[in-house]
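Here subunit A shows up in two complexes: once beside subunit B, once beside subunit C.
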Partner chain A sequence: MLNLILKRIAAAFFVFIGATFFTYGMMMFAPGDAALEIAIARYGGHDRVDGATIEWIKKKEGLDKPFLYQYCHWLKRVVVLDLGISLVREEPVWQLIYTRFARTFELALSAIVIALLIAVPIGILGGVKQGSWMDSMGVTIAVIGVSMPNYWLGLVLIILFSVKLKLLPVFGYGDWRHMVMPAITLGTALTAYTTRILRSAIIETLQSDYLIALRARGISNRLVLGKHILKNALIPVVTVVGLEFGMILEGAVITETVFAWPGIGDLMVTAVSDRDYPLIQGLVLFTAMVFVLINFLVDVVYRYLDPRIRLS
Partner chain B sequence: MKQKLIFYVLLLIFLSTTTYTDSVCFASEPDELIIAKPFGPSVEVPDPAKGYNGWYMNEAGVTETLFVLDFDMNLKPWLAESFKNISPLIWEIKLKQGVRFHDNTLMDASAVKWSVNRIIDEKSKVFNKRIQGLLNIKTIAVKNDYTLTFETHKPNAAFLYDLTSPGTGIISPMSNERKIYGTGPFILEKVVPKVKMIVRRFDNYWMGKPKLARVYLNIARNPTTRMLAFEGGQVDVAVNFPENDAKRINLRKGAKIVHKPTNRLCFFFVRIADGPLADIRVRMAVNYAIDRKQIVDAVLAGIGGEVSASVFPKILPWNNRNLQPYLYNPDKASELLTEAGAKDNNGDGILEINGRPLLLNIWTYEERASLKPVLELVQMQLQKIGIATKLKVTRKGSPINYAMKKGEVHLGLQMWNVALQGDPDYFISNIFTSNAVANFMGYRNQELDALAKKGKITFDQKKRKEIYDRIQEIIFNELPVIVLFHKSMVSALYNHVENYEIHPSEKYLLTSRLCRK
Partner chain C sequence: MNVRSALKNPLLIAAVVILFAVIVITLFGSMLAPHDPVETDLSVRFNPPSLKYPLGNDSLGRCLFSRILCGARMSIGLGIAVVLFSCFLGVTAGLISGYCGGFVDELIMRIVDIFFSFPEIVAAMAVAGLMGPGTLNLFFALSFVNWTRYARLVRGITLSVRERDYIKAAQLSGVSRTVTIIRHILPANLSSIIVLTTIGLAKAILAVSALGFLGFGIQPPDPEWGTLLMEGKDYILSAPHLSLYPGIAIMLSVLSFNLIGDALRDIRSRQR
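Let's turn to the complex of A and B:
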């Protein structure tokens, strides 16, 4: 385990450096005037910015310095855990990311829970009772779920549950009622995907020879399903959920827009269009960290589910 | 089993269609309102001096400025009682007495000095470069408890207008990083960043007790989301309502749509230094080929914009009333093009000038949803007179500006607020003068340069009006920009909301008069 942790930390270091360096480079060499973009975003529009303000921002924020100097200067601060101040919002980057990410995380986690609650039983039933009407229903749900764009689904849910039935708030952030529709919207594609993967994995596992041996030893079907088939079939599901977490963060941009959810999605999009370098860098660093952590957790779960991985 | 499933599906469809009535369930109390708006603060304590916070605090009725623009866009003293222009550089401002901050302390000259100083002092934590440049103050002196003098570095005839800038909202010296005490009708109760602002009544408000006890300003950037929240009866007012849904709401019992033109101008920057539009006849032809009314009707449902002749809207006192909008006249446009030497030599429907097809690169940005359909309509209208177009939708800001400066873009569609402070100078000086930072068109006009310079230092408002009238006339004739329309602000509200009025400057929203029946 210690070995795995050390390997992951070493890999993380290169991921962080690589990701932040390339992002910084891409932003620096993107066409246009960074100082102008920052001024426009900070003061609310092009119609609010004059030449003197643009020049001042350029000088004050060091945008007139060479790329490498700027990157190293940023890196030096990161080493002492200072992500800097947002150029547009003029607030500490860490604070902005932390608040927003916590909300997106909350949403993503709910989406995953909903997805698993729906996908696991449907996937198991579909796999075990292959060809039955339940299987057909599961496959249909999976196809519909994958095909529906988040934006459209979100609006349909709002029209149904908020405008017509008046059961849930259209938008906002606060109690559980605000969470229901965004989580369903975000989790639908994952539900569909997980259902398909789990179903296939179960069908594949059911064809394994060791099941015949288990049954020959007189082990009950329930135990075979619960302890052996499911445990094996969960390995690809863990991979998918791990990988899909990234997709969920990406999908959150649209879901958050529809439901006015104050998460990290909107912050990511606006940071890039505003050329808010410290914020972009902070977000890249943070997202990379989250991905490294998720991959690590997936590895740990693998080791629990499949002893062969532990041995190798 | 299958039958059961079909039954439940049918039940769900039935419920969803039959429960829809005109009755609405408001979350707000009898003396409260919930308003959905597109933007809001991203911090818990929005200091008005920082970035865009001043606008949010001003709209929410928390902070107020020394001067305001009334609903007809006239300058009016607000926290100030009166003013005197001692010399071109010195302004004496007398404050209203009896104005209290939300911490119940009295507003006096030293509090105002402190409040303004913190914005313009480079060492201050809330230094605002934009406002510093705008006010250009050298010194602020307290003459007595209720009188101060402001000395500017350079003569600035727009100084009082600049003091309407929401960033200059006056706050109590007792304000700190945890609490902001303004003078407005509402006290800031709570901000959930990017979610909502909650304000409550300030009983000691100098204009009398506000009618509403509490207002929730809920933030939803997506216009469709605001529209659905309104339709679901979850908000009493939806600001910036999608124009194409407005008609439907107007037909609904108990709800209505209000709209008013604002200072926001939809226009084309025209690259006139080089390329096909360097010829005034081609520019003029493009101008006549654009059917502005069709654009407003098709894209903004006929209510989202007001066709205009001048860069300044009719609601602005600075508007040159003698100018009449260019009327759609494709025949005249074709005549002008022929005069300019354009001819369809190869019969492909596209005109050629000097052997080259008349092709215009037209760009806009994606951040404003209505700009793209405007562009597509213009493309269709120009095609009718034989002008080919290549459209591009990009990010706002520098991509278009730089491409236009290089001559790669011939027309750049924009939407700008043309009189942020209610004064005409800012827009003119920043766009049309030869050295202006936003003069991407390569436009040079010595008369205009001289007039803009004069306008800055002419303190007689009548004479200033003449100057800016002439400037508008020059722009109207030379077309460095092609004016399409001024955007109207559209809001949807239920009939129980009273005294809700749209302000053309988009600076003000909550007032002490706003109430519900």
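Let's turn to the complex of A and C:
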């Protein structure tokens, strides 16, 4: 087990180096003079920037040094969470990401809760009673949920609940009423996805040999379902909920744009529109690292839950 | 589920019909459009659906129906291009990785891990932000993250196929490496690749229009479904039809690909 964890840490470290290298390289290959871009963003407008300022920035930011030197220099700062200063907001990038991430996390958590509350019963019911009308309905709704663009769902919810029924505020951040529509928007695809995975996991478990053995020993259906099928079928769900984190980060970008939710996705959209390089870089790196961390944790938990892998 | 029983599933038949319509619209959308998609007429701004303009008019009085028809070329076409390119890249990498094994395999898979760590939309946005928005940048950005799925799938299958007797027989009889891979290993991967491509198309169409919606996709005035939704969003209180219909177009096409992909997967798993 320890050996395995060390191996996974090594792999995660490799991904970290690669991801930072790409993120930094992307900046370097962006069209236009980086020093000029920084100067324009910092002093506002072409006409306020002269040659001397650009030279000064170039020296100060180390832009005249070779690429690898710059990359290592940058990496050294990244390790201590110094991601630079946002060009437009003039606040430390890490600070911005940190405060905004809390809001996204809040939203993501409610979306996951919604997803599990709906997906677990429907998935189990559909898997156990495969082919019944309830199963077909669940399957159909799930495939529609997977296919629905979440930005469109958000707009439809606004038309329905804010414009027609006037029940919920159109957008913004505040009490629970602001949370309802974004959480549903973000949670729908997750719900559909989890339902599908859980259903097929149950069907697969139902066909396994040990289940036939259990039945042959005359153990009641209820006990088999509660103790054996669910336990096994929940293993893939753990994995999926973990892996869905990537989906949530993507969904957050869109959901937060639709509802003006002040989270990390909204920050990303404004950073890209402003061409705020350090902020874009920090955000890409941050999401990649969160993703790597979650993958790592899921991998370890998954191996722990499944004795076939744990003991081999 | 075999092919015949699949044909009895009404949902699947609907999906095939929708897919056919989507293909026709993608290819001939601009010819079918009743109006010029970029022609403005301020006298009919925000008009709701009418006989002359079946889905109403947008903020510049352009015909929404014609814009949706012409937008298919970008939304669907770009999605198809992304999937084909990333499928080609991923399958090549997966075949090499799985067949060669050892250090090559380890290296390719670690690179896949790196690309996999960037969420699709975030990576595409970053590229759009750094390189500037544009169709070609969007194409590369989306392919850049998508190929890893194919690489992982193909590698896994290749690893297991490699040990089969018929591959050993081919190797022993002196068939070259390239020929073995293309003639004997690739076909074993084909059914899985087709399933993943179909579902991948659904995902790519969603991603293209999501980026359009965020304003980093196809640039106006060219119509694209996600961009149409973005334009409509600002007028959601006064003209909700602008936010409604382009989304239905996206959902129906994505749904048809997903349903057909699911059916193909079912057929394949029954055959095993």
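Definition applied: the second predicted complex is superposed on the first by the 247 of 312 C-alpha atoms of A that agree within 3 Å, B and C clash if a C-alpha of one lies under 4 Å from a C-alpha of the other, contacts with A are read in each partner's own complex, and residues count from 1 in each chain.
What we mean here is this: a contact is a pair of C-beta atoms (placed from the backbone, for glycine too) under 8 Å apart; a residue touches a chain by one contact, two chains touch by 3 or more.
In this text, all values refer to a predicted model and were calculated from it rather than measured experimentally.
With both structures placed on the common chain, the touch criterion links A:143 to subunit C but leaves subunit B unconnected.
Look at A:253: by the touch rule set out above, it reaches subunit C but stays clear of subunit B.
Contact with both subunit B and subunit C is seen for A:155 once the two complexes are overlaid on the shared chain.
Contacts of A:163 after superposition on the shared chain: both subunit B and subunit C are touched. In the superposition on chain A, A:268 contacts subunit C only, with no contact to subunit B. Applying the stated contact rule after C-alpha superposition, one finds that A:277 touches subunit C and leaves subunit B untouched.
Once chain A of one complex is fitted onto chain A of the other, the partner contacts of A:89 are limited to subunit B, with no touch recorded for subunit C. In the superposition on chain A, A:40 makes contact with subunit B only, while subunit C stays out of contact range. Contacts of A:18 after superposition: subunit C is touched, whereas subunit B is not reached.
Contacts of subunit A with subunit B, set against its contacts with subunit C after fitting on chain A, overlap at residues 31, 155, 158-159, 163, 257-258, 273. The touching residues of subunit B, counted against subunit A in their complex, run 1-2, 15-17, 19-20, 25, 36, 42-43, 50-52, 55, 129-130, 133, 192-196, 218-222, 224-225, 228-229, 231-234, 367, 395-399, 401-402, 414, 416-418, 420, 426-427, 430, 436-438.
Considering their complex, residues 31-33, 36-37, 39-40, 42-54, 56-57, 88-91, 96, 99-100, 133, 155, 158-160, 162-166, 169-174, 257-260, 262, 266, 273 of subunit A touch subunit B.
Remark: subunit C residues 11, 110-111, 113-114, 117-123, 125-132, 202, 206, 209-210, 213-216, 226, 229, 232-233, 236-237, 240, 243-244, 246-247, 250-251, 254-255, 258-259, 262 touch subunit A in the complex. Contact residues on subunit A toward subunit C in their complex (touch as defined above): 11, 14-15, 18-19, 22-23, 26-27, 29-31, 140, 143-144, 146-149, 151-152, 155-156, 158-159, 163, 246-247, 249-250, 253-254, 257-258, 268-269, 271-273, 275, 277, 280, 283-284, 287-289, 291-292, 295.
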